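Letters A, B, C, D, E, F, G and H mark the chains in the order given here, with residues in each chain numbered from 1 onward.
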Amino acid sequence: MKANQSIITRISATISRVENLTGLYALLVVAVTVIGLVTLPFITYHDDQLYPKTLDPDSTLDPYDRGGVPFGTTLVKAQYPENSPFVGYVTAYLTPLSQWLADTTHHMGTTIVAHPGGIIDEILYNTRGLDTVVETSILFVAFAIASYLFRRDA
Amino acid sequence: MIALYVVAAIAVFAAIRATVERNTGRKLPYVNVMNFAVAGALVLLLDHPLSLVAAAAYFVGSTLEANAIASTYAGGGRRE
Amino acid sequence: MDVAYPAGLLVVAIGIVIGFAALVREKDDLHRILLTDLAEVLALVLIALVATDLAEALILPGLVVGISELMAVSEVYIAREGLRAPKEPAFRIEVMESAPGILALILVAYGIFLSGFTGGVVAAAGAVFYFICRGHAEQFELIETVSGYAWAIWIGAFFIFMFLPQYWFFAVMMAGGAILLKVMAKMSLVGTMRGGPDV
Amino acid sequence: MIEYLLFATFVGLLFHGIHRKVIARAQGRPGPPIWQEILHVLKFSFKETWIPKTASQTLFVAVVFVAIGIWGAALYLLLSGGSLLLLFGIYLIHKIVEHGMGLSSGSPYGKFGAIRSVISAASELPLLATVVAIYFFTHSLSIADIAAYQQVHGPLLVIAFPAAAAMYLVILSKMHYGPFSIIEAKEIVSGNMTEHFGVWRAGLEVGYALKTYVLLYAFVLLFIGQLPLALTLLLMLLILVSLSFVCAVTPMLSPYDTVTIQTLVTGALVVYIIVLGVVMG
Amino acid sequence: MFNLPTTNIGGQELFVLEFGDIVNYFSPYTAVLFVFALLFTALAIVSRPERQVDIAFGGDAYYAKEVDPNLLRFQRFMAIACGLATLGAMVSGDVFNFTLFASMVGITNIGIVAAYRNRHVLNAAFQYGIVAMLATVPLFGGAAIVLASTGTLSMWELFTDGVAVPLIAKAFLVLGVMGEGMAPFYVAKAEITRAQGAPFILMVHVSSLLLFLRVIEIVISM
Amino acid sequence: MTPEFILGCIILIVGVIAVGFPRPKTYLSRLISLEIPGFGLLLIMLAYDEMLALVTFIGVTAISTFVLVRAIERKEAAQ
Amino acid sequence: MLGEILHILAAAIISWILFVTVDILFRLPEAGGVSGASAVARDIEAGGGALAGGIMMGNIVCSPDASAGTLLAACGVYVAGIPGGLAAAVLVFIGNRICHDPGYAGTTGAVLATFVVYGFTQVGFAATDFIAGMVIAILTIQGLSHAHASRLLARLWRVRQ
Amino acid sequence: MNDLLAFLFAAVALIGAVSTYFQRDRFNKLIAVGITFGGIVPFIVDRGYLDVAIITSLIIPITTIIILLICRREIHDA
């Protein structure tokens, strides 16, 4: 690069190289974050959250015990409960196997809730199901790319 | 619960020794001591039959890790 | 909570500044891939700080998105550099003969029990480990077909939830099973991709 | 509506002619007559037309209709006082037309034109900054609301001068023969329009004429206010002539320099907006 | 019950589509963007790619490249996926859902160009992919800050006056979309454009521009 | 502010530094260092009792490590 | 307080004797079960230790042996009495298989230790004493001085031969 | 878990994390990662999530073994 080039030409030379792209983007993110650091004290945690957590260490479903009656109404603080008429049903439901686990063991809450049913499934499949649609599609697409490249080159 | 404090202190001691030691082969026994201590601590922290499984899983897992590191450090199994 | 959230944000912000500053200085492409993996972690911390069930439901898709993008980008990298699998004899240590069978069995069985995203990933970790250590018979088409059907089943489950909510129980089972299959099948492909196409 | 569309097309083509004439005079050449562009369109409409064999045929034809369609819609939008954001959107979609035009032909020149069009996509950024700056003052993006605001507070040209300057730059970067028109630079023949001839070219010229009319009209509407038609046309002509002078006396920039300049302008505007935000609370 | 709080930006809502907590909607603005996305997706489905003409330097020769049917099928699949993702992002009424669609656009964009064998194009696709992955940090991070500081992700709530969204969250969202769609960083895209397959390559631009337009609307409305 | 949270934050920062500026600067040392911020995230998730996310994260880390190993292995074989 | 410490020390000595005996009976110092064990032995020898002792220490590092059996059996007895100890033996057996260890030192050690620990719990010891004691015992072998520990083990190994 | 215990295990985890950064040898780095995890497991168990502790302590070694695939010992860095 010649010394007598104007600043504009020099910037142009930098941005015209694809290899510098990542660096430029990272620089931008750093700049925004540094500015964001200034505003950080003004960000407060909103106390009235959706799907809040309640922990009950004595429950066998800990940390996912959200109460409720199976096949009955369960209070789930969704954004639009009226759009999901059966909200809370999945949360309260335990399969026979997980019911048995819950009756016999303690400290297996995560396993029990991950088995079909439970609050996370409620959110992932029912109230925010569209997120999961998109997410599985992303997985689908990404692996389509990877396996196409893999099989073509191999 | 003096046992728990003893075990935790030994874990810290072993971790420090393992960090200070420079030779990889001699590091591993220290790490082994730490694994023993942590596995014991898991059971002492929570008195429940599943803790035994957790301790065993942790111990077997970390032993496996040490085994793999040592074997790779030795240059793999095939060359002997 | 009042203190923890700003403190956490501060930590993440410092992390972003450090991590991305490293990225600005980095010129090697493979190093850049490694640093993007770090960036994923920082994004997840930001979500985790919200600390509700919703946050957790957002982390699960975020995680899977991260790994799939990583997969695609690293494959593009390999294709661009024209890299080949190393020729020298595969690396062996003793535990690679003994451990995979038992560990993969435990993990896959546990993963199937868990179902859903978590189960899929746990089972896939077991399957990947098994494939790495043991080699494999190539069943690419079969695995892909399975995961394709799983995807379709999950979409079906979604529509049941949205339009026929009274059959929610059926939909939960469908969705849990389908996502398990889908995630596990896709991820285990990663394990089979180590050797050549028909090792 | 149809008659207004025809009128706008006619005026736009006439503006193109005037633009060429002014540039020529500024450079000491006689230049073509000002109705030359209208004649061009008529001539192209009756020439033999076909689609190149290498082209992606559907896309090749579709972009022409899209070009006319979006700018017709933009004109309707301006007249009906819709959302300014939509105008911005249409402006961005014009970019797609440019890309599609160059890429679909398969010609290397068209492709170069398209690539340059992609590079110069930063030209949209000043418009975005303009939109945001206007929103700061009017708290609405409906064009009718903005016009009403100016009735009360006076023209935005005075109040938000940097935004007006940015918008001016945007229009400049869409003018033919200007410092930013790298897409149709002569070293790549006609850039992305190289392979479009005959009726297709005529259609594109119509679309472009509408574009020029809409952009100038939008400038007047956004920064000066709702005026009688004759006065509006006069102001548009004045702006056009000033643009022509700029085009006549500046050399064409190298592709990446255009990006840099447009980005810098946007950056300056962003700083302006932030300062505005701080000052106005 | 669903009334769009801010009508002076995107207009009145026309049609609402409810998926549980995620309430998608069409306003004049998003409807227009939706139609555009639909139009170009349809174009990607129906049109065959062009055959690029290359000039051999040093002689007067030129030759037209043939279209590889495998490549064509793969690119078309990716372009359709990209179109669907764009459609979803245009009408999404939920911030996190929008960011997910945005990252899907990013990854399908990589896919459209990654299939091409040219090393320069692959390099551009790779750099683009890295940026798209980095962009998930501000994207998801922005959505997470929105959620933590307002307690909701639904745009219907966020667009009301009473809800104050932190500036950093907005900046992060814009930054994230810029990274996924590459909106002003067109350097990588210029290289990508060299690949064959105009209707599909065009999808890359359509998606990123529309995404950018949408995020601007969201950020201004919030 | 539970002990887990504080420890997680510290480990996260240490890990980010370790990955950002690894010593020695090789692919391998960076890959190994990547585990450390992962542990930081693990602890933060633990502090908020997000156990399903934690398990999923650990599983994904194993798989993504393999994806990276695959690329590094080929890159080193090519050199 | 003081009594508990004494108990722990006593338990440490008992478990030390137990696991060293079982390991030596099962010929652990003879050869490295896996290549990693030999590598550890080599490094310990280079650091001034004896080879046979080093091999045994390497084997302890690389696979659950009698010491691990003792620890887990004590844990098992602590949480669930005799059945717990036997369950620990099963877990150690699985661990041995995972770690490519053909021997049965760990399993045998676990079964033996179950009964020893259970026996001592009947006379006033707590199972926790044995957990801490076992950790102290392993510390003396693996964690204080490799050179001395390996020489000691090598001497014991010569006695066995 | 009281403060003293938390401090002790946190010390283990921190020693591991910091030494991962400062160790130069690849194997020593991996060992340090193992130490870090050793400091973290007690926290998981203390909160009562035993199933999570089991599954993580099985997967972490798998990750290490996967990394070991590219850790062949070369002659020059013995």
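Just so it is clear, a residue touches a chain if its C-beta (ideal position, glycine included) is under 8 Å from a C-beta of that chain, and two chains touch if they have at least 3 such contacts.
Every value quoted in this text rests on a predicted model; they were computed, and no experiment measured them.
Counted by C-beta pairs in contact, the busier of B-G and C-H is B-G. When each chain is reduced to the average of its Cα atoms, G sits farthest from chain E.
A centroid comparison over C-alpha atoms places D as the chain most distant from chain F.
As a whole-number value, the distance joining the C-alpha centres of chain A and chain D reads 42 Å. Between chain B and chain F the centroid-to-centroid distance comes to 20 Å (mean Cα coordinates, whole Å).
Shared interface positions of chain A, i.e. residues touching 2 or more other chains, are given as 15-16, 19, 22, 26, 29, 36, 40, 43-45, 47, 49-50, 53, 63, 84, 106-111, 114, 120, 126, 128-131, 134-135, 137-138, 141-142, 145, 149, 152.
The set of chain F residues touching two or more other chains comprises 17, 31, 48-49, 51-52, 55, 59, 62, 66, 72-73, 76.
Shared interface positions of chain G, i.e. residues touching 2 or more other chains, are given as 34-36, 94, 98-100. A complete list of chain pairs in contact reads A-B, A-C, A-D, A-E, A-F, A-H, B-C, B-G, B-H, C-E, C-F, C-G, C-H, D-E, F-H. Put simply, chain A touches chain D in their complex at residues 8-9, 11-13, 15-16. On chain G, the positions that touch chain B within their shared complex are 1, 4-5, 8, 34-40, 42-44, 46-47, 57-58, 60-64, 67-68, 71-72, 75-76, 78-80, 84, 87-88, 91-92, 94-95, 98-100, 126, 128-129, 131-132, 134-136, 138-139, 141-143, 146. The residues of chain E lying in touch with chain A in their complex are 1, 18-23, 70, 74, 77-78, 81, 84-85, 88, 94, 96-97, 100-101, 103-104, 107-108, 110-111, 114-115, 123-124, 127-128, 130-131, 134-135, 137-138, 145, 147-154, 157, 166-168, 171-172, 175, 178-179, 185, 187-188, 191.
Within the complex formed with chain B, the chain C residues making contact are 89, 91-96, 99. Of all residues in chain E, those touching chain D in their complex are 8-11, 28-29, 32-33, 36, 39-40, 43, 46-55, 64, 183-184, 186-187, 189-190, 193-194, 198-199, 201-202, 205-206, 209-210, 212-213, 216-217, 220.
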